[in-house]
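There are two complexes below, and they share subunit A, which is joined by subunit B in the first and by subunit C in the second.
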Partner chain A sequence: MNIVEKILARASGKSQVAPDDVVFAKVDKVMVHDVSGPGVIKVFDKLKNKGVDVSKLWDPTKVWVAEDHFVPSAEKISAENIVKLSNFTKNYGIEKHFKYGMGQYGICHTLSHEEAMVMPGDVYVGGDSHTNTTGALGAFACGLGHTDIAYVLLNGQIWFKVPETDYFKLNGKLPDHVMAKDLILKIIGDIGTDGGNYRTMQFGGTGIDEMSVESRLTLCNMTTEAGAKNGIVEADQKVVDYLSSRGATNAKVFKGDDDAQYANVYEYEASEMEPLVAKPFSPENVAIVREAPSVELDKSYIGSCTGAKYEDLEAAAKILKGKTVKIRTEILPASISIYKRAMENGLLTIFLDAGVTVGPPTCGACCGAHMGVLAKNEICISTTNRNFPGRMGHVESETYLSSPMVAAASAVTGKITDPRDL
Partner chain B sequence: MEPFKKTKSIVTPLDKVNVDTDQIVPKQFLKLVQKSGFGKFLFFNWRYDENEHPKSDFVLNDSKYDNSKILVAGDNFGCGSSREHAVWALQDYGFSVIISPSFADIFFSNCFKNGILPISLEQNIVEKLQQESEPIEVDLENQTIKTSSDEIHFDIDSHKKKILLEGLDDIAQTYQFEDKISEFEKQSTVPSVL
Partner chain C sequence: MKGNVIKYERDNIDTDVIIPGQYLKVHDYAELATHAMEGLDPDFHSKVKEGDFILSGKNFGCGSSREHAPIALSHSGVKAVLALSFARIFYRNSVDGAFLLPIEIEEDAYNGISEGDEIDIDISKNEIKNLTKNQTYKMKPFSEIIGKIIDAGGLFNYKP
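And now, the complex of A and B:
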């Protein structure tokens, strides 16, 4: 069995599972945030009216809560939702609630690894489509709707159809100035935004072995944009060491069997990779940066679960050091822990000296919520994950998706720029 | 949930592919959590201009389609964010059937939680249905779509079919088996591979 099949077999108490089997799996961790949480509370209210006992959760220690989309509260409705969420966690005895203004908090898909909330081999579900991110720790991680999350909260289980797995193999180490974001854009450009529908996208090969855990998180994060059920990388010693550095000492190496089967294998040569962008209005609309249209950019946005991990900020800082931005540029570290490291290591000074506005951790403008949304006709280059019409603000604004290095280089020139040409 | 057996109406053709959930319900309405009343936000940015006046060129603003219960859209419908609000909006607006060559996974699953029937059909059949000006009948029991000139079969998982036919709520339905589940749990020993 491959790693996903092994995880789902273990979680459903079976010795063997195969693609298309339907399994009822025990869930190890579940997450809600300030958009899905209030939605789940509504489902609970509805169930209560039908006579279902919703007085306690299956296991409050396996539930954790993030505040990320509309925080710090964007206006009064989101403030109400934060109160609602706080009451919910208090009433149900959920201790892992990362609250803004109270120490560590940040984007849920960043906290999942920064706070070592998920372990290799876990079944992890979240009320957010980018829950796929955390598959980089060797977990089966996927997003669910509000009703399904409510069910998991009450029962600790959920059914899955075992997905078929496509294996994306990277041969060799990515060149300097080419990041994991470029690789995942390349893959989405190749297979399309529905190329992974209800499939697992697994990443492996020497290039992935060489890659940091944070880069692998970027790959798994955007499997969502290919429609995948989940993304995954086998948990090697790097993952174990990473989780250990984040305070979890019980993580173990977890891989598929040697004779694991894959539906399709796609191979990529690292040495052939180049910095890429996804043009409006689809993540599959991929172009090589050096061949991208010469548009006048209005903004550069370095943020989100996709592009504001520590490594992403470090990459942007390399480009921005000693330079001045030509267009409005925002950098929003994805969590307080990353923010603090960026401060301690001098990255924030580099950003501020370059003229960048550094914001608090939040999903912010990635989902068009607040903190620098786009006006009509504004054009933005962004390290985020979606560039659908209106995603980052006005429906007639445009977003180009890129790596943090390309977004930083473009901030300096005001045009879509390959960092090698700066 | 209301049972769904069959429906007959003209189709609303939405000639767009990769319709993501932010087009179905834009993010500014996500903060609202009541399950009803989302219909007025459906396809908001396509339906209304900046002054919130209806845009005459958008299909939902054509009164011909006012009573349509069947939306026929392009490939990969419902991609993007997992927001269940998208399904709440379609249902509240009055759609009970959505036809597309393919659906995004989380959206597809959310439909059945809220009494909406998503039907996947071949691209050329979907395109033909988008041209259909006469009412069509979607019959879940017999898994057929009757048009003025054709009868088309569609596939659906038998369990999902039952959920819609009987108006069962996924969660309530599982609770019918609570005794059996507890019994099974007692016997089950889950091997650990870690």
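And now, the complex of A and C:
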């Protein structure tokens, strides 16, 4: 069995599973945030009205909660959702609630790794589509809706159809100035936004072995944009070391069997990779940066679970050091822990000296909710994950998706720029 | 199940246009309905009627896991979405929450059915009748688990 089949077999109490089997898998960790949390509360209310007992969760120690989409609250309804969420965690005895304004908080997917919330081999579900991110730790990490999450919270398990797995093999180390974001854009451009639908996208090969855990997180994060059920990388010693540096001493190497089967294998040569962008209005609309349209940008955005991890900020800082931005540029570290490291290591000074505005962790503008949304006809280059119409603001605004290095280089020139040409 | 069709002849209708991100903070189902399809068709709310169906191309509902998307459509009166294919979370949310039926169709139904046509969906026969044009098309049958959850009326009523 491959790693996903092994995880789902273990979680469903079977010795063997195969693609298309339907299993009820026991869940090891579940996450809700300030959008899916109130959604789940609404489902609980409906169930209560029908006489279902919702007085207790199956296991509050396996649940954790993030405040990320609508913090800081821009209007009353968001503030009320945060209050609802706080009451919920208090009533149900959930201790792991990362609150805005109270120490460590941030984007849920970032906390999943920064806080070592998920272990290799876990079944981890979250009320957010980018839950796939955390598969980079060797877990089966899958996004679900409110009803499904409510079901997990009450029953501790959920149904899955065992997915077929496609294996994406990277041969060799990515060249300088080419990031994991470029690789995943390349893959989405090749297979399309439904190319991974219902499937697992697994990453491996020498290039992935060489890659940092944070880069692997970027790859798994955007498997969502290919429609995948989950993205995954086998947990090697790097993952174990990464998690133990964050206080989790029980993480173990976890891999598929030697005779693991994959539905398709795609190979990529690292040496052939170049910085890319996804043009409006789809993540599959991929172009080489040096061949991208010469548009006048209005904004550069370095933020989100996809593109504001520590490594992403470090990459942006390399480009921005000693330079001045030509367009409105915002950098929002994805968690307070990352924010603090960026401060301690001088990255924030580099950003501020370059003229960048540094904001608090939030999903805000990535999903067009608040904190810097785009006006009509504005054009943005962004380290985020989606560029559908209206995604980051006005329905007639445009977003180009890129790596942090490309977004930083473009901030300096005001045009879509290959960092090698700066 | 009879109703009239609202057709969007395109692929990849994503949840950001079904219910834009600014409304994710809203959990009042009736209010969400007033913003359904706002990112693509601002007239949707005024034209949709109870019992209508949406017809569209490939990968309907791609993007975010927001259950707001099937909720907004369902509370607008939409009973089923017919599409060449669906993104997985939208599909799952529609069925597990018993909001609407996601019906996978073939090219003949996609091309044959026009905006405003009255159709009759018969799940027991996996058949769609176009009453306006007097045509019949096959729908792809639901998988076993999906069929059982639909029959039960959602995941919470389903006994594994």
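Note that the second predicted complex is superposed on the first by the 422 of 422 C-alpha atoms of A that agree within 3 Å, B and C clash if a C-alpha of one lies under 4 Å from a C-alpha of the other, contacts with A are read in each partner's own complex, and residues count from 1 in each chain.
The definition used in the following text is that a residue touches a chain if its C-beta (ideal position, glycine included) is under 8 Å from a C-beta of that chain, and two chains touch if they have at least 3 such contacts.
Keep in mind the model is a prediction, meaning the values are calculated, not measured.
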Requested in this report: After aligning the two structures on subunit A, examine subunit B and subunit C and state clash or fit.
Outcome: clash
Report task. Considering only the touch criterion stated at the top, classify A:F254 as touching first (subunit B), second (subunit C), both, or neither. Result -> first
Report task. Tell me which partner A:N197 touches in the superposition: subunit B (first), subunit C (second), both or neither. Result -> both
Requested in this report: Figure out whether A:R10 sits in contact with subunit B (first) or subunit C (second), or with both, or with neither.
Outcome: first
Requested in this report: Could you give the residue numbers on subunit A that contact subunit B in one complex and subunit C in the other?
Outcome: 35-36, 38-39, 41-42, 47, 52, 69-70, 77-78, 81, 127-129, 143-148, 151, 193-194, 197-198, 227, 229, 282, 367-369, 386, 388-391, 395
Query raised in the report: What does subunit B use to touch subunit A in their complex?
Result: 18, 20, 22-23, 26-28, 30-35, 45, 75-76, 79-85, 87, 102, 104-106, 109-110, 113-114, 169-172, 174-175, 188-194
Query - For the subunit A and subunit C complex, residues of the former touching the latter - result: 22, 24, 35-36, 38-39, 41-43, 47, 52, 69-70, 75, 77-78, 81, 127-129, 131, 143-148, 151, 159, 161, 193-194, 197-198, 227, 229, 282, 367-370, 373, 386, 388-391, 395
Report summary line: As the complex stands, subunit C meets subunit A at residues 12, 14, 16-17, 20-22, 24-27, 39-40, 58-59, 62-68, 85, 87-89, 92-93, 96-97, 143-145, 154-156, 160
Query raised in the report: Hey, which residues of subunit A end up touching subunit B in the complex?
Result: 6, 9-11, 13, 15, 26, 35-36, 38-39, 41-42, 46-47, 50, 52, 69-70, 77-78, 81, 119-121, 127-129, 143-148, 150-151, 154-155, 193-194, 197-198, 227, 229, 252, 254, 282, 367-369, 386, 388-391, 395
